[in-house]
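One structure, pasted below without further comment.
As written, the chains take the letters A, B, C and D, and residue 1 is the first residue of each chain.
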Amino acid sequence: MIQVAVAGASGYTGLELLRILLRHPEVTITAVTSEQHDGKPVNEVFPGFVDTGSLVCRSLKSADLAKRADVVFTALPHGTAMQTVAEVVDAGKRAIDISADYRLHDLATHEKTYGTHARPDLLAKAVYGLPELHREAIRGAKLVANPGCYPTGAILALAPLLREGLIDPGAIIVDAKSGVSGAGRSASVEMLFSEIHGSIKAYKIAEHRHTPEIEQELSEVAGRPIVISFTPHLVPMDRGILSTIYVTPKQGADIAGAYAAAYKDEPFVRVLPHGQVPSTGHVLGSNYALIGWRSDPRTGRAVIVSAIDNLVKGASGQAVENMNLMCGIPETTGLTQLPLFP
Amino acid sequence: MIQVAVAGASGYTGLELLRILLRHPEVTITAVTSEQHDGKPVNEVFPGFVDTGSLVCRSLKSADLAKRADVVFTALPHGTAMQTVAEVVDAGKRAIDISADYRLHDLATHEKTYGTHARPDLLAKAVYGLPELHREAIRGAKLVANPGCYPTGAILALAPLLREGLIDPGAIIVDAKSGVSGAGRSASVEMLFSEIHGSIKAYKIAEHRHTPEIEQELSEVAGRPIVISFTPHLVPMDRGILSTIYVTPKQGADIAGAYAAAYKDEPFVRVLPHGQVPSTGHVLGSNYALIGWRSDPRTGRAVIVSAIDNLVKGASGQAVENMNLMCGIPETTGLTQLPLFP
Amino acid sequence: MIQVAVAGASGYTGLELLRILLRHPEVTITAVTSEQHDGKPVNEVFPGFVDTGSLVCRSLKSADLAKRADVVFTALPHGTAMQTVAEVVDAGKRAIDISADYRLHDLATHEKTYGTHARPDLLAKAVYGLPELHREAIRGAKLVANPGCYPTGAILALAPLLREGLIDPGAIIVDAKSGVSGAGRSASVEMLFSEIHGSIKAYKIAEHRHTPEIEQELSEVAGRPIVISFTPHLVPMDRGILSTIYVTPKQGADIAGAYAAAYKDEPFVRVLPHGQVPSTGHVLGSNYALIGWRSDPRTGRAVIVSAIDNLVKGASGQAVENMNLMCGIPETTGLTQLPLFP
Amino acid sequence: MIQVAVAGASGYTGLELLRILLRHPEVTITAVTSEQHDGKPVNEVFPGFVDTGSLVCRSLKSADLAKRADVVFTALPHGTAMQTVAEVVDAGKRAIDISADYRLHDLATHEKTYGTHARPDLLAKAVYGLPELHREAIRGAKLVANPGCYPTGAILALAPLLREGLIDPGAIIVDAKSGVSGAGRSASVEMLFSEIHGSIKAYKIAEHRHTPEIEQELSEVAGRPIVISFTPHLVPMDRGILSTIYVTPKQGADIAGAYAAAYKDEPFVRVLPHGQVPSTGHVLGSNYALIGWRSDPRTGRAVIVSAIDNLVKGASGQAVENMNLMCGIPETTGLTQLPLFP
């Protein structure tokens, strides 16, 4: 059994990690942390976890995670995770960081986006944990930077097309719509039920911090710098990201072929037949990503739509996928749950 | 492997059965029926079922379920299920009926509530499939009548108290609130998104058809006729039933003791400490039932609250639980998924 | 024109007051306060108020409301309102208090429920602002305590029956379901979108602070002490309170007659024919209260259902209704907007 | 008083017309039709319309609208409206058609989009009822084709920029997100609550019938053929359309200036300061359109966001605005209600 710890267990990504790990056949959870619920049994924090037995939340400070686990998941706020991850890696254990602290390879870009970085040395060693792009590197990694939710949906849709040079690299627009759980579980007026329900809004237009992360990965597969327009929206639902992506395919581009080549053996990506597009309801609570698209001869553009559950493939499910890879067990272990509908 | 068939696979309870059965380690699905989607692969009916392979919907007429499966689940409308169930049982196979066709033991009550019954002989043999009350009978049953969603939530909360004679049997009020999936998946104006969203309503006050079903089971455990007030409400959410139940405990009644005695070894029922009550969000997508209660010395009443997912413990999960019992495999097999939150 | 001020304009009841008052033909808003938005124009606080012109939020301390308005509405938290109301009344102006600070006539009950009261002298003079019960007193009042949202729905449904002695006064159960805006607009984890959406819960069972308020008014109309069971629930919707009320009518009780006598000339209450009950969607954004009921011969009980918009008839609309009465203009002025559907 | 009739009063746009017209100070409603509710009083069809008195639904056939009203609103399905409108206009009365039957000036485009047209002569005379573009023509019109909901949001955002030649006319992408009421009130599985709630989807990519309508109006203001990418999405909310629009401004384009010139005196359009964008919650239940935008120097694009309530400015409110213009009364009469929040 793999001994794992979850730092930051009472947020939405932390609870989602617990939901998956508590039923993972190869895992024993040896420690969970929560500042807010220090000392409380997990099933008191969330009564739906009916059989967590003696698992009790500890404060991060006292938890000594590196000693208590082989793999530590950090579901902590950006900035806070940085140090915990470093301690784990310095102690020779593996870290899977769900925060953004180790995602951007370029230090200058990181510091412009998120502020100073305490451990540029580790930043250079972190592997970007999108298995569909970096599976082999993840297998050998000590530190995996788990992708952001928006980047997961956008990169999976665009990477095959850019790798094959099928689309105009200067004409990419990602219009993304997310459920609200992605905003986290901190008290705020902006995320109150009545501020969100019955309304949709765009936010952080032309300045969302996931933009450089998407561009980093797309540039790498394209072999040239990619700059995109990225607009996130907040939708009155709990989970799910729908990315509607506008591209301009080159003459004769074989989009279907590129997707088939990229994903026909991928366990968690499914490409729909031309003209069919997924909704977020098709992936609710599952680790699968669905991709569909439709060409528009009238405009010369194609519209690609990808759907993921932001808390699963967009966060905690993908983190467990990375753990499976790092630990040499089958990648799908504990992750094949089908979506809830409705 | 148990060969199972699902009749009526494209409704909400049918799809939920598929969701569970497709990941059940002891089950092979050999046939699914859908009149509306006759001939379509299941993963075209619902793209979220990503790996259903060659499973194709057939019309009920042509499916010959009794020949193709050891256990047949009927997730068909009331009245329609009756005949299919009979064919299965007559052919010596096992049937688990999610409709109401075989739930009421008393023929007169059935006919008053649902209309004439084609097979009173089978009605007399059907076992009411609430494992917490009838586990042994279910193990040996050929025909299990799977409980209704409202009855499951109400009976689990009330049976221990009535069995022990702890409450006034004439002062029971069940005020239940349900998500909308319980209304099924037929086209109707009343169930359109915009009719339901942003509003709550009571319906079928003093005349809902689940009332005699609740009373049948409560009367049996109480050993005397029980008549209750039952008011269902429709809440703008997909899943979940919250039953708020008003009772008048007798002097010195040990409610906590009665619940502990009834449920301490039950795999799918959890009772919260006095004063804590569950929300439906605590059971979303899971087969667990949570029960909490609070005494009110001011009024002499106690308020009991139970929460289930109407599609899981209230329908398809419980149906699989019954299958597990009928087939002699561990009752929890394939059913231990924890709730989604949020 | 009546010069009015709104203290606490950026909460949900405050904004609702502005929505109504900005279109009220007899009103000029001369001051609004908001600690959080001190110095900001109102149309920056909420861009949907497109033509608020030069109206700017001030801090309560600096606003000097008693000098700037004839009528001051206090949409402040309980406890905070107390002092502002007192200053207004002491200065000879009229106050309409939407908080609970002046609702309970009995000082001991107030202090047990809400803590100490700074101005018992004013408490004794405050008029409970439910026009259907106290219209004449409101007309002459200097200080109106605007009713709570739950009490408005419950009292309107029960008062006519208790006044006429038609029901068993010891067997009243109010099971109420509220939209989330009633919880106010303060940052909290419990009211985050993802905590509320897709789930229903009961809260403060047997201890909600609106219970003594309901009992105060019902006891007064009944001419004897009334004790009720009251259970509030939080429903995933923005607005609306549905009260499902269980009563035991006496032999031959003429419920229809009692309602007709009480409400046939009331401008904001409508009683539906026997057997029809309202949903909260029937009153969304309007000041109307709808009441329906159904007798249940099987149990000897009757079920009454009332629906109001908690922010309008349950708060700010009723506050303006009280202002209209206090200022001698037609009671319905500015309040006849029909509900949004959907 | 203007005598008006509403054909198709029981759908969402029809009910919204009634909501507005019942409180319009210059209007008397003389007839309403509903096939489904023929013979029923309006307040039985929707109990929230508390004081509709003797207004009773009639079948369209028997209603003889042209005789009973000066202005007839047709809130009927596409195709059905065509004949009713013709009868009204032939009889010398005014028609405001909320269907799409008279919106496209070009017969070939109409027939390709919606099928054959029975009255091409009237099609040629119909005025496209967007007051911000065609106010003078509307004043003199006998037949106004009320704009579609998506076109209203998109055209208001784009027209000023295209008129001034500020943006690349070949690089316009409209990614629109709509509440569900726009889909109408017919029974269908696809619009059931549980199909929509908790999920977002794109639909009719590259083939939505509002595309030629948007292009017709934009081409007219641009003075050249405009072809756009238009992708509608269905969001789990009742009302509201958010249009996120990607454009490529020319060097030095004064977007703020163009909007100010176009809208500074418009009663129902508000433009936010640069960088602020509206949500649909800012216009819920109101006839106002809000527009915001943000330039993105990194990509050279600008992102424009417009928000309307699809049932008000996107349908019935705008229809009444057109009626006001046609009848020579102030354009804002009966339409200044502020948005509900929340």
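We take it that a contact is a pair of C-beta atoms (placed from the backbone, for glycine too) under 8 Å apart; a residue touches a chain by one contact, two chains touch by 3 or more.
Keep in mind the model is a prediction, meaning the values are calculated, not measured.
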| item | value |
| --- | --- |
| Winner on C-beta contact pairs when C-D is weighed against B-C | B-C |
| Farthest chain (mean CA position) relative to chain D | B |
| Chain A and chain C: spacing of chain centres that average the CA atoms, whole Å | 45 |
| For chain B paired with chain C, centre-to-centre distance based on mean C-alpha positions, whole Å | 39 |
| Gap in Å, rounded to a whole number, between the CA centres of chain D and chain C | 36 |
| In chain C, residues with contacts to at least two other chains | 12, 181, 194-195, 197-198, 236-239, 278, 281-282, 284, 342 |
| Residues on chain D engaged by chain B in the complex (per definition of touch) | 12, 179-181, 185-189, 191-198, 236-238 |
| Interface residues, chain D side, partner chain A - complex | 173, 175, 177, 194-195, 197-202, 205-206, 227-229, 231, 233, 235-240, 242, 244, 246, 277-282, 284, 294-296, 298-299, 301, 303, 305, 342 |
| Interfacial residue positions of chain D with respect to chain C in the complex | 12, 15-16, 19, 22-23, 46-50, 181, 198, 238-239, 270, 272, 276, 278, 281-286, 288, 290, 336-342 |
